[in-house]
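We just call them A, B, C, D, E and F in the order they show up, numbering each chain from 1.
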Amino acid sequence: MSLTLIVLLPFIGAVLPAIMIRAGRNACATATGSVTLLALILLMAKAPAVIAGEVFQVSYSWLPELGLNVTFFLDGLGLLFATLILGIGLLIIIYARFYLSKDDPMGRFYVFLLLFQGAMVGIVLSDNILLLLIFWELTSLSSFLLIGYWKHLPAGRQGARMALAVTGAGGLAMIAGMLILGDIVGSYDLTVILQNADLIQASPMYLPALILILLGCFTKSAQFPFHFWLPHAMAAPTPVSAYLHSATMVKAGIFLMARMWPVLSGTPEWFYIVATAGLVTMVLGAWIAIFKHDLKGLLAFSTVSHLGLVTMLLGFGTPMAAVAGVFHIINHATFKAALFMTAGIIDHETGTRDIRRFGGLLNLMPIAGTIGIITAASMAGVIPFNGFISKEMMLEEAWHTMWLDQNWVVPLLATVGALFSVAYSFRFIFHVWLGKPRDENLPHHPHDPPFGMWAPPALLTVLVVLIGLFPSVIAGPLVAATAGAVIGGELPEYYLSLWHGLTPALGMSVIALIGGSLLLMRHGGLMSVTANLSRPDAKAMFDCGIAKAVALSRLVSDNLHNGSLQRYLAIMVIGSIGIGLSGFYAQPDFQSGSRELLEVSPPAAIGWLLLVVTCVAAVFMHHNRLLTLLLVGVVGLIVSLGFIYLSAPDLALTQISVEVVTVILMLLALNILPKETPKESTPGRKMRDGIVSIAAGLGVGGAIWAIMTRDLTNSISSYHLANSKVEGGGTNVVNVILVDFRGFDTFGEIIVLGIAALSIFALIETVTQGEAAKRLANWVVDHRRSADRHPMMMVVATRVMLPLSLMVGVYIFLRGHNEPGGGFIAGLVVSVALVMQYMASGFGWTQNRMKVNYHGMIGLGVIAAAITGVSAWVAGLPFLTSGFVHVHLPIVGEFELASAMGFDLGVFLTVVGAVMLALAKLSQVERMAEHVDINAEPMDHDPSATAAPAASPEKEA
Amino acid sequence: MPFVIELIISLLIVIGGAFLLIGSFGMIKLRDLLPRLHAPTKASTVGLGSLLIASMLFFWVERGHFTIHELLITLFIFLTAPITANLIAKAYMLLNVDPNKDLPPSKQDEGWATFDPIGPEGYDPSEEYQEKET
Amino acid sequence: MMKRYLPHPLLTLALLIVWVFLVNEISAGAVIFGLILAIIIPLITANFWPGRPSVRNAYAICEYGLVVLWDILVANVIVAGLILFRKTESLESKSVVVPLDLTSPEAITTLAGTITMTPGTVTIDLSADAKSLLVHCLHAPDPQEVVDEIKHRYERRLKEIFE
Amino acid sequence: MGDWIVVPIVLPAVMAALIVLAVRHDIILQRVFSITATVALVAVTLSLLIFASGNGPEMYALSDWPAPFGIVLVLDRLSAMMVFLTSLLGLGVVLFASSEWDKRGKHFHALFQFQLMGVNGAFLTGDIFNLFVFFEVLLIASYGLMLHGAGADRLKAGMQYVVINLTGSSLFLVGVGMIYSVTGTLNMADLAIQVPNVASGDAALLRAGALILLLVFCVKAALVPVHFWLPGTYANAPAPVAALFAIMTKVGAYSVLRVYSLAFGDTAGDMAWLAAPYILPAALVTLVLGMTGVLAAKRLNSLIAFSVIGSMGTLLIAVGLFTPEAISAGLYYLLHSTFSAAALFLIADLVVSRRGQFGDSLHTAPRFHQSGFLAVLFFVGAIGMAGMPPLSGFIGKLQILDAARDSDAMVWIWAIILVTSLMCIVGFGRAGSVLFWKSASVDGEITVEGAKWPVLPIIASCGMLGALVALTIFAGPVTDYLQGVSVQLFDTSQYIEAVLGENALSLIGQ
Amino acid sequence: MEFLVASSIGLLTMCGTYLLLRGRTFPVVVGLAMLSYAVNVFLFAMGRLTINMPPILRDGVTEYTDPLPQALVLTAIVISFGMTALIVVLSIRTFLEIGNDHVDGRPAGAPSEAGDKN
Amino acid sequence: MIEYALNFGFVCVALALLMNLYRLTAGPTTADRVLAVDTMAINAIALLVLYGIGKATAMYFEGALLFAMFGFVSTVAYCKFVLRGDIIE
């Protein structure tokens, strides 16, 4: 339980700084510190037992299906890292309180820091590798926030993004590796995995898993060739650098290699990948560090180098090397965190981090200077500090390591690395603290910082010295416990002490010290040499890489999604032809149909000819839009005739009614739109579209040919035919299907119509704003117009037509259940009759006489349709269940009342409402364009009116 | 079916068909829209009329009861054909006829409605058009 | 009362007949239902037809109808002949002006319609003040004859019916 | 409870009609109606979800006609989950829109309710033509919503959206027609029975029809190469609408899953798992192109839109594997990606509305109000979309990777999912950096009129993010449920029995 | 007869598709209308062709054409009508807002939309 | 006998339709085309009537009725469009 709490505390506590910042910076820091302290205390309470060899474990089920569970365990390795994370974390919190300036949002800083801390603790305590992955990626995210904390600095932003990209990428690789690992073992539990070294190493998936996991480790721990992000992350505030980039996050990779050491190490693959990468990193990082003028840059590359050192040790794969690695982790954490904090102090006090401007700072800030010198000496591996001991152990291990059967490679390079290490460490000592001040005009006048700022590094410095002097007393148990956990078996014999006698390692050490000192003396010269060397600039490469990736993405994405509907549609059409054909040809044994075909009658042939001619004419003459419309109208006419000919009277009625409303709609549109389509397609485009269209036509035509020439032996519609009259109460089976068997379709269908009208209304409502309004205001009528708006003969004719049409509408409506007709067609008939009034007598006059609101009609229609359904529902029957009765009235005789009629009434109302709303609204645009006042009189001139008309045109509201 | 009735029906059908054909033939034979307009508006209506009468007769004899709803179609056609012809003619004249040269004057205060405006307060949309043109 | 609910008995009658045409049967149920509709529909559409002319001269209507029907038949044969057997060049097509005495829009429209449906004439326009009809003749060697016939045969009768 | 299956369809429909009929002039009343209805919808769909998790598939025969002759609705674990998801999302959207968006055009709430109706109908129906009808309902409502408030860019994008989808609708009918023409049925369960019994000479037609239908579903699901409508549409739709559209692509995915596991699944003989060889490669390409778009984006909204394409790729990879594990993983990801896309669109709107003239262009602008708070929201949303821990996206991706293990394309799947995750991270990192960090180095501050702390939008956005958190925390129970979904999907006999009765099963030898 | 219908459907599809692929909204709308004719007839024809067997039940008549496709086509016609109405209005609205009727909202000859100026 | 008459009728109407088609495509004025379409509607009604007689069914009457009604409306709409541009004003 308390194990979980240790992990959760930083996360839960992360809300505290956000809240406490309102109470002041001290309160904020104190709250943050207490959280960490509490976690540290909880951890320390377990430390003795762990050091004694006990392993704590706790487990909660989270996603057992995947094998992802919240399980933590605490062993020596976990203890060491958790202690480092929480302990150094605490110091950093204190340090940051004084480091951050008044302008820096401290609450946010601590929130991020605690989140990061929690993630780190999570990594080192996870007993489930999927859980570990989660924490792993969380550290990437929280470090992204921390590095980018000073968001006004471009370097900070770029560094943050680079760190995120690199470590994030590694993390993603690691996900794959971990999943493979889990697959090999059959469990994602670390404790289980650690038991299965043989299984893992024997698996053919071992190498992929290893590489993928190492990618994660190397990126996070800034190992060659992924070392480049770390220095750029130094744009972060110094506490962040100290915490993340020396003590904790960069060690996550090391931790994981150590954690996985029992199962992954010991193979040649491991050795050559890990040890080599470590070795190269160690040397390269140190070399670069020598020439960094930025204090933190120097420390950053030294960190890279030291991480390489540990990596190399782990890579050796021997228990002894592992012990050395573990010990160096501890030592490095102590001196490097202190060094960073010192660097922060210098930065803070002098206002610069440029080494070239320093010198003699020891005199000005003796406390910081002492701390800096001691810790730097430890970094250089100078007796008697802790760095010396672990470096000796490293050299010792290097001495007897063969690399590709060569015994000199590793020792030589290790010595060179150590030598460089001495050089940059001494540079830090001599160029910063000792000697003469080189720049009298530092931004600030430096002096020792407040206690809170130097105490944390001082504490670490004390540790540096004490571990150096009494290694086995101070660090021994921890090293033992940790190394035991890493090795996962018997510890080798080793002694943690300053003096091991005259060993080869000592010799190498001495060479390194002397060589390093000499190198530093020639620093100036070397500097000019290296300055002239064109080294690959990692940041530039990374930026260039990202820029290339973005450019490539844009090239691909923008060219593909170029906004051309024509292309999108062509692709879609080609895709559908392709997928249809692929299906057709993927299925063997296609047989042509054997259904007896119908005779071709002469009228049918003529109809067909008409259709062909009009279709083709419509394509070839489509530039003349009005003509196109006429031709398409003829197509509609022929299709309707065809429906009648082929036993579908309902379809014909519907088609012909829809046709006319569509024509009216299109004409309304055409008045606004250009009357001609410009000829702009290139011959190539026409060719392409022609081919695509022909293919589509052949495909669809072929398919329906194949369908019509074969029989359909059983269809659900036989049931409809059988039950339409008896159960559905209607002899028009199509109508019974529409209002009853499949009434739900119709319910949806009228809603589509209603929505269309509402959308049209909404679309046109906005026409009065913006560009559209301007265009309408400046509209120029571009065609000759007749003088009479409302020809008298037409007005009179439509007046006669209206009652007739309504009569027809009622007739069509009522008979729908038994004969061709129904609510939809009736609705269109009535709509057309009304539209005729609008066309003949003008909008203004007609609208003034129209008592119904079309919106309401749509709503009412849908509700009416729904009511017939809901009333069945309320009665405990399924929605839309219909009933019918035969009513007998005197004189009138017997007639049928079906609830489906209520439904059909809903259809009727919706259709009328929708059509009228859409047309009426659309015509509003026209009137705006034509700048015509709406009319109050139905005819331009009424010959029967004796007096001159009094009413003047009304301006439309 | 009595032969006479059958004969009448057949004749009506033949006449109807012939008139329809003539109507459409006139439409392609005549040179100009206004003459053309005569052909379908008249020939077709009579052609259709005879077919509808044939149909009425046929169903009367065939089904035994007098069907009258064909009359409704005839009614519609007779009601609408003049309007159609009028509007088509107007549409033609507007774009193809010069009212001052090609048409006789109306002999009234106002000219032909297609060209000369009248209405409440002398509303004249074509003036608007002219203005914008200049 | 009667006036209020049955303002246009003729229209109601016409609609009733239309209904009977539509349902294609003469039964009590059909007639009653048709009657209901024929009363309701004129009421709800009254707004759209202000000043419906009251036409009561049933005899005149019948006479007019028969005359027109006959003329239509004749006209068709004549026009058919013109179309089929005359060279298009030899047709004397022209537009003639028919000054009107009628003032009711319904009457004018009926006249115009009649002209269109009868021999070789189509009403192609109306003067803006509705005082003249522009009639196109397919073949009219003597325009005045056409005008006279229209005024005599149709307009006179329509005046009786409508005014 | 079975009686209530129709309610998620009828309730919004009636509510929309009522809004149009009664309160169209009063925006406050519209909001009250709309929000109340949506809350009620959440309650109903939750009850249905609970019901479905404790029962087998439940059929609802509309008009009381027996299947396959009438239209049936079917509530099973999958459809119950989808309607619940829809209503939750809908609630967030309506809350967000009720602050201000709904005033920018007419009829927002009516269209919104109709949209819910269409989506719910598509999820619940067990009839393939009825599915078409609901597709059309949801599409036309979406056209209306998409164009809500108009504006040049929106109209341009809307035009493309509408035309592409209308073309898709035509294809839908062709597909349905071909299927009916050889099977004689429209009922999905009946189809499952008819498909294996189709004469071999007719099978080619059936297969071609089924594949054309698949293409149509893929248009909705924004699968490459028929995804082109999405970037413009989502990027230019009003924010709450874009958020609501998060469910629209899922309708496509759902339909693929439903039809191609039921009728063209295990029992389909020759045509078993018909869709798989098409979906998987296309999904992989979709994911790559989506995340390429994320990397390439120059506008925030198009960044999010492309990430939606990417997430559809991820989801359809899982669907395309057609294994129980993959599908439950995919469904988990579906839940996740719906909320995360919605959240991002909503948050983006809060950001964009504060950036004044800078809008959603990924261009450095001066600071704006609440940029800190919004940065947090954006960060969380981006984590969700990129599939970074600790949010559900990560768990979803892990599950999909895990489920892809046995696939022949495993290497491709893993590599593409992981690499594109990185692209997404980089893309969102760049965007976030420009929006929230770079502004710190620019002088001045943008001030825009409007409520400083718009309560409803913030509640809605946080609610969407909260859903991600809940999905994460309750990953176990959710996955339990989803495994139940997979079981039901793969054991089609349950569905068929529920719809057609026990006797029908003998026809397919189960 | 079947051939006439099949070829008509094919032709309608062909012409509809060609118009659909044009660059201006009006032909596209017309193309969609033609496509919906094609599809409606397709859907209708999937019930096979029959002459003079309308699905209106009559005493003594046993043979009827398949009514279901007809019902489906009716639904499809209505829906495509609603869709056509919307897209017609949309094309006007877009034209008014943008000033040209290109489907991509750009004038003739203009290069494809150059993304966004970043 | 009726059958022969019907066949004659069909042929006449079919030819008439073809002539209409010619006028529709040849124009030359829009009015000509509108006239052609209007006449087509009339011929279509004739076709329906003939067909109804041929099949001895009244099923197609409503079709003919609506053709008559709607043929008129669309012709009016086209003409109004040519005359005024705005058909509802």
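Rule of thumb we're sticking to: contacts are C-beta pairs under 8 Å (C-beta built on N, C-alpha and C of every residue); 3 or more make two chains touch, one makes a residue touch a chain.
Just so we're clear, the structure is a prediction, and the values are computed from it rather than from any experiment.
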Third chains touching both subunit D and subunit B: A
Pair of chains joined by more contacts [C-beta pairs], A-E or B-C: A-E
Farthest chain (mean CA position) relative to subunit E: C
Centre-of-Cα separation between subunit D and subunit A, whole angstrom: 15
Centroid distance [mean C-alpha coordinates] between subunit F and subunit E, Å: 23
Subunit C and subunit D, separation of their C-alpha mean positions in angstrom: 62
Whole-Å gap between the CA centroids of subunit A and subunit C: 73
Residues of subunit E touching at least two other chains: 20, 25, 28, 38, 40, 42, 46-47, 52, 54, 56, 68-69, 72, 75, 79, 82-83, 86, 90-91, 93, 97-98, 103-104, 115
Per-residue overlap in subunit F, given as positions that touch at least 2 other chains: 10-11, 13, 17, 30, 34, 58-59, 65, 69, 76, 78, 80, 82-84
Sites on subunit B at which at least two other chains make contact: 18, 25, 37, 45, 67, 69, 72, 75-76, 79-80, 82-83, 86-87, 89-90, 94-95, 110, 113-114, 116-118, 125
Interface residues, subunit B side, partner subunit C - complex: 18-19, 22, 25-26, 29-32, 34-35, 37-39, 41-43, 45-46, 65, 67-69, 71-72, 75, 78-79, 81-83, 85-86, 89-90, 93, 102-114, 116-118
Of all residues in subunit A, those that touch subunit F in their complex: 601-603, 606-607, 609-610, 613-614, 617, 621, 626-627, 630-631, 633-634, 637, 640-641, 644-645, 649, 652-653, 656-657, 659-660, 663-664, 667-668, 670-671, 781, 783, 785-786, 789, 794, 801, 805, 808, 812, 819-821, 825, 829, 832, 835-836, 838-840, 842-843, 919-920, 923, 926-927, 929-930, 932, 934-935
In the complex with subunit E, residue positions of subunit F that touch it: 55, 57, 59
Subunit B contact footprint on subunit A (complex, rising order): 780-781, 784-789, 791-794, 797, 800-801, 804, 930-932, 935-937, 940-941, 949, 951-953
Footprint of subunit A on subunit C - complex, ascending: 11, 15, 18-19, 22-23, 27-29, 32-33, 37-38, 41-42, 44-45, 47-51, 102-106, 108-109, 112-113, 123, 126, 128-131
